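What follows are several structures.
Here chain A shows up in two complexes: once beside chain B, once beside chain C.
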Partner chain A sequence: MTTPATTTATSSIANEIQKQVSEKRPFSLSRFLKDRRFLYCVSLTAFFGIWKYIDYTQVLGNGIAAPDAVVAQIWKLANKTIAGKSLWGHIWASTYRIIIGFSIAAVIAVPLGVIMALNRYVNAIVKPVFDLIKPMPPFAWISCAILWFGIDEPSKIFIIVVGTFVPCLLNAYMGIRLIEPQLYDVIRMLGGNRKDEILQVGFPAAFPAIFAGLQISLSCAWTCVLSAELVSARSGLGFIIIQGMQLSRPAMVLAGMVVLAFVAWATTLLITGLEKKLCPWKREAVQM
Partner chain B sequence: METSQEYKIDCQHISKTFVQKGTQRVHVLEDISVNVKNNEFLVILGPGQSGKSTLLRIIAGLETPSEGNVYLDGKEVSGPGADRGLVFQSYMLFPWKTVLGNVELGPKLRGISKNERREVAQHYIDLVGLKGFENHYPHQLSGGMKQRVGIARAYSNNPELMLLDEPFGQLDAQTRYFMEKETARIWETEKRTVLFVTNNIEEAIFLGDRILSLQGKLPGRMHAMYEVHLPRPREHTEMKFLELRQKITDASELTL
Partner chain C sequence: MAYETVKVDTPLVLRILPVASVVAFFGIWQGVVDFGIVPNTMLASPTQVAVLFWEKLFVADPDGAVLSVHAWVSIQEAFTGFFLSLLVGIPLGLMMGWFNVAEGLARPIFELIRPIPPVAWIPLTIFWFGIGIPGKVFIIWLSGIVPCVINSYVGVRMTSPTLIQMARTYGATDWEIFKKICIPSALPMVFGAMTISQAYCWTTLVGAEYLAADQGLGYLITMGRRLASPPMVVLGMICVGLTGVAIGIVIERLEKKLLAGIRR
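Right after this comes the complex of A and B.
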């Protein structure tokens, strides 16, 4: 099934035709200065310029590394090993924890949220416990996790599960709860039963909210994995950052942060791509 | 209680009271008795807050009356069903389904084979003038087109009774006139018993065989029944049209 990006309809209904207008305009300096892409460049140049200047003037002492030093450090990390792992190995170590923890949370929390929204008895039993745990920051679990699971992988995965569970469940729950009740009426008037209501309306209508929950969970997952790795780890991007701090090498700390940002961004793109594929009816996001 | 078979719909002494927040009682309808003949176009006319939509939802089976009964072909209505097609004021299309997907949903839920339901859906998509838009999603359509989909979707189940709940309330005045003409055309092509709820006097006269007017404040009571003996297709500017409009306007002002 294909979705046309714009409706270029030719129809007999004269007052209901949409048209796309695009023209080429000649170059002018004032328009160039107001161009969005030009302003993006100005913004980024200023950011890196100020960063470089701070490093040059040593306002923060030796605590900061210049942008080019950070890039050089990333290059260096990519070509050597720390604690027996290359940069890719460390990226994979963090990503692997996220995949496992995030999957466990999503597979349990999303269906649980959906069932809670559909069945008030399940809701009445699960909700009080959930409300009790909900406000607890995931980082507060770290000591428990280490006591229960030791300092190895399971404790880190546990932290991720705890941190991502709440947004996954809440969004799935709200996604079902906020469905326009008249949509169910449509199904009932067309001769459908309760099963049709859930399959034809409940799931598809809650889909965007469930995906929003997964997006939020994923960024929570990166926060959690970093927290866990900062406390105790022999691999992962958090480990690189801690190493940089202990060796007093700001370039290494910043390099770890930059790589982390890139990887987290890439995983977000993955979810967005999946959502676009599964929800073709969603409007294109309005350009910022 | 037995009811005569000659009426398609027979409402007997319908009253409805909603209970809000556990204690507050809202009396919405009082003692409505009305019947509709086969293939008749009945318009229920009333201003906002006159309970007309509630009356339609009771006939649809989505609400149960507090008192009284609704009979469809002599059988008591006990819940919603595919023998009645409902068109909503706010369209209520499924945004995740294409035009075709929306229209073929009724037959799909009744387990009709894919080829057969495609054929039925295509027939009604053509009837409402949406040929070529089968694979569009609702957000790509204008308001008038969305309601065409809503009408096609209700028709595709081949219901005996069409219920339209202020279907053109969200449209601009021009599109509204146009859609009224379209409704008359579609009804002439595929005759059904129709109950059409509106707050617009002109729309009521343009479309209805008979007009049931409700009193203008809660609880909704029957105010008057008008028979419209104008030949179709009707014109908004005909002398008789305007006379009837004046008559209904004058009468409804008295109730305020």
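Right after this comes the complex of A and C.
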């Protein structure tokens, strides 16, 4: 409802400010140059331009392929088969290994971490052994895996399990351990018993941390599957990369890397979306 | 006295259990190998590893270097890569956090490169640098730089807006705010980045040394597999693990010393 009184109120300070904001700012060159979208464009153009230029001048010899050559190579890979599999087959081979290894690790590590944090006797037994195994990088297990399982599928899955186990367990453990004691105090004051403490406070409060652990271990899983495939494989994205290296065709190596980056990015996106769905109570932190 | 020290007794069981568990771990390991449940060609017993460790301190055969040389080469590579990643990553991250132009220019490229695991760069590195030290340092640098940039960026972004507004009110320029407020308040995050990035560097080291090295702890592991000698593989793994832990502890100490006066 507009009355004369409100229309005359435009002279107040608050309205004046609002009016200023809604006004379109005149075009200025410096602001246009500092606009983020413009800078993104500049940066990407420069990146691909330099990449193309390096290829053109042959500074790195035959060690690099132009961006368009890489795209052409991806197109070629998508349409023909290498070692009996198309590009999709190779992507699926890698993803399949990750799914199996990651599920095995998550199913064992998360409950173990939770139990370790809740029960100090279990903690006293498992923690020292875990601390012994923790610092070994997954890549170091490759040699063991090959000695134990040969070069077939199980050795790759083993490496993924080992690599993803550590972050899963650590995050589940720390997630429960770092719950604010006040929350426990509240549930105790409300008359909750140990079961309530765990179910009503422990799990919801630790869930974001557990999920973060899964996220970290998923990106670890990509590194693991890749290192396993680089050492020995007949399928997977790592195989494409290593094949490109052996045929000394940088376009193929780069194509493998680009596809890998894209798939890894997509999985991250998927799990972030899942997180928002599953635990909306997570506190928003500054994220990059 | 206002405060009384309260002594919390840990039950005897809790003090014994960790020791017992480690002893049991090694006992089972030894037993599994000695009684032939796992063949000797697949796993080495702890005593075999210990014997080999003692030998490798003095004998260079069959992999061409004594243990200390392997360790020294690895540490050199890892630290060169680590310092280079700090040198580039931290300033880049800090600038990206504060200056719009820096973020606009650097962010897209960073986001493009970030999802690629460092190991995937190995073939390209071989094309570019051959198989020498620079290639390995490059891979380690790549793996170390990502946490540096992210943490420094987040550290600057987390600066309390009140402090920035206060500085603005007193007429500080952008550069002064960045220098006097944002950087100090980002320091804890930056040191956190050091710890993470060191761990990443050390992890990637073994991968980097997979690329045709002739010395280094990663090479020891690879060589152990080629010679089908499980004790050497396990020895290499243990050395990598122990050295990693030692470096981690040193960095943590350093961090505590340097950050003594800063509130988190």
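The rule is short, and it goes like this: the second predicted complex is superposed on the first by the 253 of 288 C-alpha atoms of A that agree within 3 Å, B and C clash if a C-alpha of one lies under 4 Å from a C-alpha of the other, contacts with A are read in each partner's own complex, and residues count from 1 in each chain.
The rule we apply is simple: contacts are C-beta pairs under 8 Å (C-beta built on N, C-alpha and C of every residue); 3 or more make two chains touch, one makes a residue touch a chain.
Keep in mind that what you see is a predicted model, and the values were worked out from it rather than measured.
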Partner chain in contact with A:Ala209 - chain B first, chain C second, else both or neither: neither
Greater residue coverage of chain A in the superposed arrangement, chain B or chain C: C
First, second, both or neither for A:Gln182, with chain B first and chain C second: first
Which of chain B and chain C A:Trp281 touches, first, second, both or neither: first
Contacts of A:Leu170 with chain B and chain C, given as first, second, both or neither: neither
Which of chain B and chain C A:Gly192 touches, first, second, both or neither: first
Shared chain A contacts, counted only where both chain B and chain C touch the same residue: none
Interface residues, chain C side, partner chain A - complex: 13-14, 17-22, 25, 41-43, 100-101, 103-109, 112, 115-124, 126-128, 150, 153-154, 157-158, 202-207, 210, 218, 221-222, 224-225, 228, 230, 233-234, 236-237, 240-242, 244-245, 248
Chain A residues within the chain C interface of the complex: 34-36, 38-40, 42-44, 46-47, 60-64, 120-121, 124-129, 132, 134-144, 146-148, 219, 222-223, 226-227, 230-231, 238, 241-242, 244-245, 248, 250, 253-254, 256-257, 260-262, 264-265, 268, 285-288
For the chain B and chain A complex, residues of the former touching the latter: 60, 62, 79-82, 84-86, 88, 90, 92, 94-98, 105-106, 109-110, 129, 132-133, 135-140, 142, 144-145, 153-154, 157, 174-175, 178
Complex contacts: residues of chain A adjacent to chain B: 1-4, 7, 9-13, 15-16, 18, 180, 182-183, 185-192, 196, 200-201, 204-205, 207, 279-281, 283
